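Structures for review follow.
Both complexes below contain chain A, partnered by chain B and then by chain C.
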Partner chain A sequence: MSLLSVRDLTVTYDTQRGPVRAVDGLDLDVPAGSITGLVGESGCGKSTLGRALMGVLPDRGKIAAGEVIFEGQDLQTFSASARRALRWRRMAFIPQTAMNALDPVQRLSAQMAEILIERGGLSGREATARSSELFRLVGLDPARLAAYPHHFSGGMRQRASIALALALNPSLVIADEPVTALDVIVQRQVLDVLRELQARLQLSMILVTHDMAVVAYACDRVAVMYAGQIVEAGLAAEVLERPLHPYTMGLTHAFPDVHDSQMSLVPIEGSPPDLHTPPPGCRFAARCPFADARCNNEPPPSRPFGPDHLVACWHAEDATTLRGRAADPQTWAAIA
Partner chain B sequence: MLKHALGRLGHLVLVLWAVTTLTFVMFRLMPGDPTLNFLSPSFSEETRAALLKSFGLDRPMWEQYLIYMANLLRGELGMSFLQGKSVVVLLGEALPNTVILTVVSLSCAYAFGVVAGAFLAFRRGGLVEALAIPSALATRAAPEFWLGMLLLTGFAFQAGWFPTGGALSPGKELGSFSTSLVSGDYWWHLALPALTLMLYLQGLPLLLMRATMLDVLNDEFIVMARMKGLSRWSIVIRHAARNALLPVVTAFALGLGASIGGNVVVETVFAWPGIGRLLVQAVQTADYPLAQGAFILIAAVLVLMNTVADLAYALLDPRVSFGAKR
Partner chain C sequence: MTALLQAEGLQKTFHSRGREVHAVQNVSLSVSPGEALGIVGESGCGKTTTARMLLRLEEPSAGRIMFDGADITNAHGRHLIAYRARAQLVFQNPFDALNPRFTIRRSLTEPLRNFAIPVSEHQDRIESVMRRVRLVPAESWLDRRPHELSGGQLQRVVLARALISGPSLIVADEPVSMLDVSVRAGILNVLRDARDSLGLAALYISHDLALIRYVCEQTIVMYLGRIVEQGPTAELISRPAHPYTRALVAAVPVARVEQNREGLPIRGSLSDAPPDPSGCLFRNRCPSVMPRCATEAPTLRTIAPGRMVACHLEGAM
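And now, the complex of A and B:
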């Protein structure tokens, strides 16, 4: 059984132009003990989804419909205080910008102790010991607990954020673009820390990213998100090797490969639909080189395709042919 | 940190030197002659010359300046022309009254402003905000003397709950300042001037606290504090208020410095025997040594409090460092 099952989740934001569905009828399963990559371009709702799962949405946002079933319980039926009690003990969060996510005027030791004492019920002495242990776990010198966040480099701050997230032994960690702000060398170090800890502590992790390379390097599974919905999901190796959705195909070609300078970078033309007025059919249709009349009018249902692989595309049967055509920049240029 | 503090003290000395020199020049540039004020026209020219000589006013300007600076360094500010007392003694009598008035009203204003500002940051866009912000602004914008006169009219002249002026009731001479301080009469006299000043001063901390609090509440680490499931209290006090207070503390230290000299209006309205009123009297009567001394004292306090604000910020905000290594 999945550790986390999201069913038909809809998250809306109130805007001056009326409510907008940042997440719209989304389904997602996160099995225990895996790293699931949640990938998509900016504004597709992936960060909103992460915050909705934690139950901490911005003021104007709310969960309008759907179920979040975590460890067998529907979190939507929880009271606010029960929900709060769950946070950080069972599910924790690693933010993108660890600089601003740490309180600038408090030592790391104080920020660690706050969680361990207030949320974990530890004594001051136990908290000190546990803080050192956590710092060692993420590869930081426990002596650095006395430092303030601004004394740390970006990579060190991200490690500290990971240590904070693991403080109360959560079963699920949601990492929102944890390496986006870091250079590639440090990205790899941080991803290695995440992978190693996931394996050692048998964590489940949702790793929100826009970078296919991060998915390829660190994730067991991947869910591709577009305009508030999951368009394709499955084992990372399978999805990256044999993408079934044209958007996934586009994403796999949209990143440069340093080893193959001949390989042309294929941009996905256009921009995602306005979520105030989403199109009636497939949301990707307007940017899809393979879209036809049905794509424009009927939303494709999510359906299994092969073992452990879901896709929401009317043309998934022809994926093999489409993959060949998607590799050619001319195919995508025609949309522009 | 120590090096920085010493550096700041060096600045302080430099600024004080400039202030004292400017004061010296300023008073000599003023039209008129001090003797015109307290010598009757019937005095002979010889008497006047003798008096000028006794004050040292017949010497060349540079010599006067050197004598003045040498005296300053010894803590000697001269004799008041009119009151026949040493300026240091007169200032020493007035300063505690001003300090008490300032500290009491400023502390009340900041205590109220910080709490109300933080509260208003949470209650955005309601009736409370619609009423509170304009009232805070109105009391901030209203002239102090007008506020003071309204309070005097209402609570002193009509209701008769408070005295109309001074620091002690007539006929009540308590001798030393410390005995005044423990007498209820002194605090009863303090109430209205302190209230006026508090009303006048509360707007700044209130609006500043509200603005920085709103800023801080949008910060990522506040979202993270909610993610961590921390209690509302922890989030508000330990994270939001702790960060929002930084500029307010600076404003407090600066306000303390500014108020010592800026109480002139309130002290005059309530006849409060402080530095401000002394200064007004001295200027009105061209009592140069006294006015000069009051100016120097006010400037010194202001400059000193600026330095304190500077150093306090470094202590409160670990991000502000002065080349100190960690």
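And now, the complex of A and C:
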């Protein structure tokens, strides 16, 4: 059974041009004990989804429809205070910039203690012991608990914000671009910390990222998001090796591989639709080299292909052929 | 081929709270026409400071910069303007590289005026550069303002502005890091094509070795202000000689599920620079450190044609 199951979720934002559906009728399942990569580009709604799941949307955003079932309970029926009680204890959040998670004028020990004592009900002595344990867990020297965040490098700060997120043993951790701002060696080290903790503590994690290589490295599952919807989801090995959606196919050719100098990169021409006025059919149709009349008029439903692979594309039956064509830059150039 | 841009012994020392910070130490490099050189390294390695010195946006503390046979280290006045017309910077962040109140046409006309290009040539130059960055037909873009364009389109305008003065050298500092993945390839392809068809020399600064591999034949790896390795990109990646390069290559994730997930051959973090700068600056993090590394700074030595490494390891290959 899924730890988290999202059904038909719609999140709207009030804007000057009227309400916009940043997340629109989205389904997502996160099994227990997995790392799910949520991939997409800026504006696709992936961060909004993460915040909606955590119950920390900004004031102008709200869940307009749908269900979020977490550990068997519909979070939409929870009061604000019941919702707050879940945060940190059952689900925790790691933001992109660790500085946003950390208070710059408090020592790390005080920030840990605040969560452990006020949220977790630990005694002062227990909190001190637990803080040291958490620092060791993420590869930081417990002696550094007395430091302020600005004494830490970017990687150390991100480790500290992971330690904070894990303080009360949550079952789900949502990490929003946790390694994007980090240098490549530090990025790898932080990803390794996340992978190791997931395995050791049997956590579930949603790792929000724009980087397919990060998904391939760290995630066992992946959900690809485009214009407020999941277009493809399943086991990472399946989705990355045999993508069924043309957008996923495009992404796999869109950036360079350090071990391959021969490949020529294929840009996905055009831009995502304006979500104030989404197109009637498939949202990717305007950028898709394989779109036909039906794609432009009818939104494709999400369909299973194989035991653990979902895709929302009218042409998924032809994916094998399309994958070959998607590797050719000429195919995509025709869209420009 | 004679180098278009050549730097010898570049140094940059900043003074911070009474301490000297050696941001760049003894960097020498050269770029020939039609060649692309990449400088790769992590934050604080000195790659951006090096690029800024080469463009004369930062005064070197020591060293010499030659461009097309002339010493431009201390060029000023019209000599500096002439250099600027021929060596153009592509900005990292397209969202604040353009004046938001200017139309695209005006943003492209500014450099033509600055470099005193005759007005009769403006329209032709603008149209041809817009074709080159694939914003066509030009007329449908030129009267728009930056807020009407996406990030990828803006970066194409930024490229157009860099190319419009007809430079011989393009310096691009993280040219796609602010852009969405799906449009990065378009920008990199425009840069590659411009180099191939115009015979431009290019210098790319990036932390991303995969990007450098895509656009550069030659690569320099910097660590804490010094060059630790340089050579043809493909060889440097397939057979890294310096222990730092090895770690850097191993750390780059690839978009395949099957990949190396072994621990990196590196210890500590960037902040673990040795307090005493007399030896190798990488020694505190190096898995192959030897006693000699603490006392003697390794100098760049040739290990194969075109390949250099600054490391005492005999088998650094």
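Just so it is clear, the second predicted complex is superposed on the first by the 335 of 336 C-alpha atoms of A that agree within 3 Å, B and C clash if a C-alpha of one lies under 4 Å from a C-alpha of the other, contacts with A are read in each partner's own complex, and residues count from 1 in each chain.
Note that a contact is a pair of C-beta atoms (placed from the backbone, for glycine too) under 8 Å apart; a residue touches a chain by one contact, two chains touch by 3 or more.
This structure is a prediction, so every number in the text was calculated from the model and none was measured.
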| item | value |
| --- | --- |
| Chain C versus chain B on the shared chain A, clash or fit after superposition | fit |
| Comparison of chain B and chain C by chain A residues contacted | C |
| Contacts of A:Arg303 with chain B and chain C, given as first, second, both or neither | neither |
| Touched partner set for A:Ala237, first chain B, second chain C, both or neither | second |
| Which of chain B and chain C A:His276 touches, first, second, both or neither | neither |
| Touched partner set for A:Glu41, first chain B, second chain C, both or neither | second |
| Touched partner set for A:Tyr148, first chain B, second chain C, both or neither | first |
| Chain B versus chain C as contact partner of A:Arg294, first or second or both or neither | neither |
| Centroid geometry (CA): angle chain B/chain A/chain C, rounded to a multiple of 10 degrees | 70 |
| Smallest separation of CA atoms, chain C relative to chain B, angstrom | 6 |
| Touching both chain B and chain C, residues of chain A | none |
| List of chain B residues in touch with chain A within their complex | 219-221, 223-231, 234, 238-239, 242-243, 246, 316-319, 326 |
| Footprint of chain A on chain C - complex, ascending | 42-43, 134, 150-152, 180-186, 188-189, 207-211, 213-214, 233-234, 237-238, 247-257, 259, 261, 263-264, 266, 269-271 |
| Interface residues, chain A side, partner chain B - complex | 54, 56, 84-89, 92-93, 95, 97, 100-107, 114-115, 118-119, 147-148, 150-151, 164 |
| Chain A to chain C touching residues, read off their complex | 41-42, 153-156, 183-189, 191-192, 195, 210-218, 236-237, 240-241, 250-259, 261, 264-269, 271, 336 |
